Amino acid sequence: MEVFWKAIAEGTRLLAHGDPYTYGIIALSLRVSGISLLIASAIGIPAGYLIGSRRFRGRSLVTAVVNTGMGLPPVVVGLVVYMLVSRSGPLSQAWTSWLGGIMPRILYTVPAMILAQVIISLPLVVGVTLAAVGSVPMDLRLQARSLGASGWHEAALTIKEARRGVMAAVAAGFGGIISEVGAVSMVGGNIEGSTRVMTTAIVLETNKGNFGKALALGFILIGIAFLIMNGMTWLQQSGGRYER
Amino acid sequence: KKAEEPEEPAVEEEVVEPTALILASTTSTQDSGLFDVLIPAFEEAYPEYKVEVIAVGTGEALKLGENKDADVLLVHAKAKEETFVAAGFGTERRDVMYNDFVIVGPAADPAGIKGMTVAADAFMKIKTSGALFVSRGDDSGTYTKEISIWKASGETTPTATPTYQLAGKGMGDVLKMASEQAAYTLSDRATFLKLEGTLQLEVLVEGDKALFNQYGVIPVTDATNAEGAQAFMDWILSDEGQSIINEYGVEEFGQPLFIGNPS
Amino acid sequence: MSDSPPRPSGMPVISAKGIIVRYHRRTVLDVPDFDLRDGETHAVLGPSGSGKSTLMRVVGLLERPTEGSVSLDGVAVDVGDRRARLSMAAVFQNPYLFKGTVEQNVAYGLALRRVPADERDDCVARALDRVGLAGTQRESALRLSGGEAQRVALARALVLEPRILLLDEPLSYLDPLIKRRLVGDFSEILAAEGVTALYVTHDQDEAMVVADRVSIMREGRIVRSGDVDEVMGVPTSEWVADFIGMDGSLCGRITTAKEGIAEIAIEGLLVYACTDLQPGADVLVGIRPEDVTLFRTADGIPASSARNQLHMRVDTIEHMGSTERVSLVTNGLRLAASVSRASARELGLERGVEVIALFKATAVRVAPAHGVPAGV
Amino acid sequence: MSDSPPRPSGMPVISAKGIIVRYHRRTVLDVPDFDLRDGETHAVLGPSGSGKSTLMRVVGLLERPTEGSVSLDGVAVDVGDRRARLSMAAVFQNPYLFKGTVEQNVAYGLALRRVPADERDDCVARALDRVGLAGTQRESALRLSGGEAQRVALARALVLEPRILLLDEPLSYLDPLIKRRLVGDFSEILAAEGVTALYVTHDQDEAMVVADRVSIMREGRIVRSGDVDEVMGVPTSEWVADFIGMDGSLCGRITTAKEGIAEIAIEGLLVYACTDLQPGADVLVGIRPEDVTLFRTADGIPASSARNQLHMRVDTIEHMGSTERVSLVTNGLRLAASVSRASARELGLERGVEVIALFKATAVRVAPAHGVPAGV
Amino acid sequence: MEVFWKAIAEGTRLLAHGDPYTYGIIALSLRVSGISLLIASAIGIPAGYLIGSRRFRGRSLVTAVVNTGMGLPPVVVGLVVYMLVSRSGPLSQAWTSWLGGIMPRILYTVPAMILAQVIISLPLVVGVTLAAVGSVPMDLRLQARSLGASGWHEAALTIKEARRGVMAAVAAGFGGIISEVGAVSMVGGNIEGSTRVMTTAIVLETNKGNFGKALALGFILIGIAFLIMNGMTWLQQSGGRYER
């Protein structure tokens, strides 16, 4: 057990001493996963609403596809994104041949990491949202419409009614990417000072055999995740006063 | 109709369940494919053992040995290995084989190091030319070697700059990164040859003594399977083991990937 | 060229044509023609499962029918027409309240209509006051009692002061006290200039107070439709009679007519009624149980201004709470009377007892018999 | 030493003592003493939000009160006592149906009681038939109409044939036709040996048909409780009078009593009533509007067996659907009469018109005035 | 794009030829993740039900902790599990000193991988389940109780009512572990023939530069995940006939 206490102490020390390396990777982790989550939520919540609230042929197929997306191996996502944005990948090739210019390199940069993380978290956000939205009674939505709600209002109301589930969706999406390493390391490259995030740093320390430091970083990551989740839960429950 | 067949006495063949022998090694060795021929040959010679390869970074491999979670190590960071044995974590350390490091870079060679024979000079030239260099930046044998070359060039250990990337990743990944960014890096020959087809990199500097990459074998002290560890070490240092090492790669690349030099 | 010319009152505001709604091949609604006329309150009655709520959803542009079309002010509209929907507001059978406070619920439609916040507060307060829930603004909507929730749902629709109100059993959870008050309120609101309402209810008394027209539904069809007095007074089929609580209507022919009083021959008996119909006309005659007074024949008939006195026999007696519903027969003619429990005891009413049924000519409702489909 | 000795009828089956329920410091229920006696049907009436459903939840062991205790057959029980709960079944105000078929819903309690599947099918079929939904077993429970859903919820409870039935406005969504049938059915089921019921309703007629005892609630308290005729006949406070739709009750004193007919002096007038109370007793007198017949004084009083004839003046007239509720006054004494719309027109009733109110001695309900709290 | 078609062709070939290596790692992946999912569901669904349906002090804290668990970095989980089951870890030490015997090795075995995967998927299952269960109206549960339901029956009914959400929870849990590589490779060791699963094989092939094979394995993994999710969705929707 001692090793854990040591790791926690080490983590606290790193934070307390304002170690710029540590703060740098924390900030980058939050930036990358935060932006990815924003994008994934902005696409995923509406998509989940549409799939969850409409009845259409093939809905169960779409649901299965989305659920499958939850099981996309990050490494494969990383590989695919890598291939797309690599110098010899189709994207760069197309850019170069059609537009005659050199595409700005995005491999080993933050945008590539964000792209990969959006792909990873999107199915989680969509999948859990659609299940949550599906539990809002149809008649409640009709009632809103009968009071003059447009499609947008109806969607907003439905999502509000399913808030706990939607928050769980966002939490799951966030959890999926803040802790993800395979894809970010593949497309980000884990370059110190530019694309190294907490998870890739943890892997690096593990590979170095610095298990203590790895654990310390891990605990910091978990602590930060807790603070964020606590904030989200607080939002999620704040309406609870008016709920049964 | 159901024929009453006489119950045939089950031939109780004497199958001894082989004991596991955990070999912690580096990813580069595993990725080179050497184990795909080495391990089956060993297991044929010693059917009582079943080798389980754990391929991790050299640092982690040593740590696994320290925790006695591996029985025998095959790694390449001589100084650390010696410290490891001196600390009593390993019974002894023996040289097994070496391959060599090469400095690779884009064919265009913006730093103009092609054909140089002294690695330290080539490093200096890359640095002064402002070309991008991707470093492993982990605790691997390769990184250890890189640092020693920087030291020899009179440079202090470089820190992360826009032209010096600390990748903190495995050899294959670093090669990919160098290729993508038309950068230079130090690589072991085996990995480079294995991946050459997927890379846009060339060998620019090779042959310097300083670029030799020595692999050592260490049986872990108090290992779960100490006998197996000893047997593995003996076997890999034997003529049989050595010949397999010396032949591996000749067919595919026209040259061996590793050269045995048992001590 | 004003954008909302005054429509002549009585023109259809909403009209639904050829509506058919099928769920899984089962036809639950088949209404060739239904309209809400400007300013009217149209009550829809019918047994459970007859398609009332479905009709309301179709008319309210909340559900696209399998077949048929709905038009508003003569223009075809669809579920997607938000402008059309903005002129309506609905109260569902189940009060589906949204998570949040009572205030948020009641203000929902106002917020959608971009009513400024302070004005909104006023409107909400007034609407809540109207339904007897003044001061509950800040309470959680999901913790209300059944009746409170229903009243919030009601306030949520009333506060919008829409042109068209769709009400699906809006008072089903309420006690008589508040109901009486709200029904009174309703007739006021609904009588206000220009408010058109569809009022689904299972309470006939409610319908009679608020409605101008009534449609009676059965198994997805409208089996009877017309002015409230006409429909509620003269059932045109045994089923309708049963449904509105009368013992069938009687078929007869006017024999003489003098000073607005007609003599109608029914199964050999004579009944006097106030009607403008002329002798020779075949008519349907209905008498509401409440209008019939019973006397024991033994006690003799008291002097009375009631012109109709029929000797009849008690057939069945049914408990109806504070009153008893007495079914009477005399050679094939059937009539029901509603008497208080005390009177029933006093008169010693039981099966087979001979009585005199007394009712006034004005209490006899008469409708021409032709044009009424025989089957329904 | 048998484990279920026959209990004397009328003993409390469930009794709740000192019940207080508070939500967020607001006291919504404060009932010191409430019981359900063996075999009785106890109706609970009260305005919306008065705590009826809360009382039902407490008595039904579905919610633990903030204070107080509930006992079953004299043994204290709690929310956790599943054995106690197994002897009850409840129908909620909102029909909360479970996902699945109608059959699965109705069979839910049976399955919990491990009734064999084939027996279950029979029971379900019978229960569905009883509520008029025969053959709907395979339909989806969540697609039913409001009334259908309510009837499934009812069948789900009735099918268990529990010792104690808790019914929270079980007929609120139903039309008069099916309601009449179900109310009849209820009185039969509830009258059956050993079934004890709590019946929350807002329909007094319903209560009068099914109930033996009635409690009237207001703002979390029981303000009146007693036999149905007593409570519904003689209101003890203006509020109760208003709530049960009477125009207050009258306070008087019996002056003489002969042959079971008492002469009661009320505000200088004399009223005759059938009662066993003796002269000198202070009494409350109630007359239901349905029992009062009106005559225009100008027409002269017809010969009648009704002993009570009061000259009164019309105060207000209120629409009540097919009837009009006429409020009458004469020097401080107040009385309501319910007359048909046609009669009201005929008699030319309007504010200020002088009429004679006629009612029988048997229609006058009398209760001793002492012991009735003055405030409520 | 060509590389993707090639990878799909390669994947099909691997499957069609009954390649025992490929089938072996597929089988192991399914076994490890399947058992882990069973365990995680058996613990997580009841736990999610309890947290989601009861009101208690600190519920939002517990929810935040569970949500944080969704963001546990698999590497850290791997590291912690490694430390627990390592020969010099507290578990083995305790076993050895108290019981005097040698603990059977569990590092680099399937049980260790299952342990790690259970830890990873549990928060996902619990977190999404609790949100789903919370959307079932209290009165519905009271109604069940009033018909004689015991606590167990009530739980079963509530979970049935929240089926779509619970299924999404299980899907998210499954997605989280079938695609996970950090922890399984750390505690499993990616030993050919005994602990090599699909994800670790993909990483290995990627490292070897065999991108085609890596992608082929990735597509096989995604295909298998799809089949399983499709089956689950079918279950999830099969009740839909009776739902609004």
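In this document, chain identifiers A, B, C, D and E correspond to the written order of the chains, with residue numbering beginning at 1 in each.
Assume a residue touches a chain if its C-beta (ideal position, glycine included) is under 8 Å from a C-beta of that chain, and two chains touch if they have at least 3 such contacts.
Keep in mind that this is a model prediction, so the values were computed, not measured.
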{"item": "Neighbouring chains common to subunit A and subunit C, by label", "value": "none"}
{"item": "Top chain pair, ranked by how many C-beta pairs fall in contact", "value": "A-E"}
{"item": "Interchain centroid distance [CA atoms averaged], subunit A/subunit B, Å", "value": "35"}
{"item": "Rounded Å distance between subunit C and subunit D, as computed from the means of their C-alpha atoms", "value": "25"}
{"item": "Distance from subunit D to subunit A - Cα centre to Cα centre, in angstrom", "value": "59"}
{"item": "For subunit A paired with subunit E, centre-to-centre distance based on mean C-alpha positions, whole Å", "value": "18"}
{"item": "Sites on subunit B at which at least two other chains make contact", "value": "66, 170, 173"}
{"item": "Subunit A, residues touching no fewer than two other chains", "value": "137, 139, 186, 206, 211, 244"}
{"item": "Residue numbers of subunit C (touch at least two other chains)", "value": "94, 143"}
{"item": "Pairs of chains found to touch, sorted by chain label", "value": "A-B, A-C, A-E, B-E, C-D, D-E"}
{"item": "Residues of subunit C defined as touching subunit A within the complex", "value": "57, 60, 62-63, 82, 85-86, 88-90, 92, 94, 96, 98-101, 108-109, 112-113, 140-143, 153, 156-157, 160, 166"}
{"item": "Touching residues (chain side subunit E, partner subunit D) in the complex", "value": "137, 139-140, 142-150, 153, 157, 160-161, 163, 239, 241-244"}
{"item": "Residue numbers on subunit B that touch subunit E, as the complex places them", "value": "20, 22, 27, 30-31, 33, 52-55, 66-69, 170, 172-173, 194-195, 197-198, 224"}
{"item": "Interface residues, subunit E side, partner subunit A - complex", "value": "1, 3-4, 59-61, 63-65, 67-76, 79-80, 83, 90, 123-124, 127-128, 130-132, 134-135, 137-139, 162, 164-165, 167-169, 171-172, 174-176, 178-179, 181-182, 186, 198-199, 202-203, 206, 211, 214-215, 218-219, 221-222, 225-226, 229-230, 232-234, 236-237, 244"}
{"item": "Interface residues, subunit C side, partner subunit D - complex", "value": "23, 45-49, 52-54, 93-94, 132, 143-148, 150-151, 168-169, 172-180, 184, 187, 202-209, 232, 242-243, 245, 288, 290-291, 293, 299, 302-305, 318-323, 340, 342-343, 345-346, 360, 362-363"}
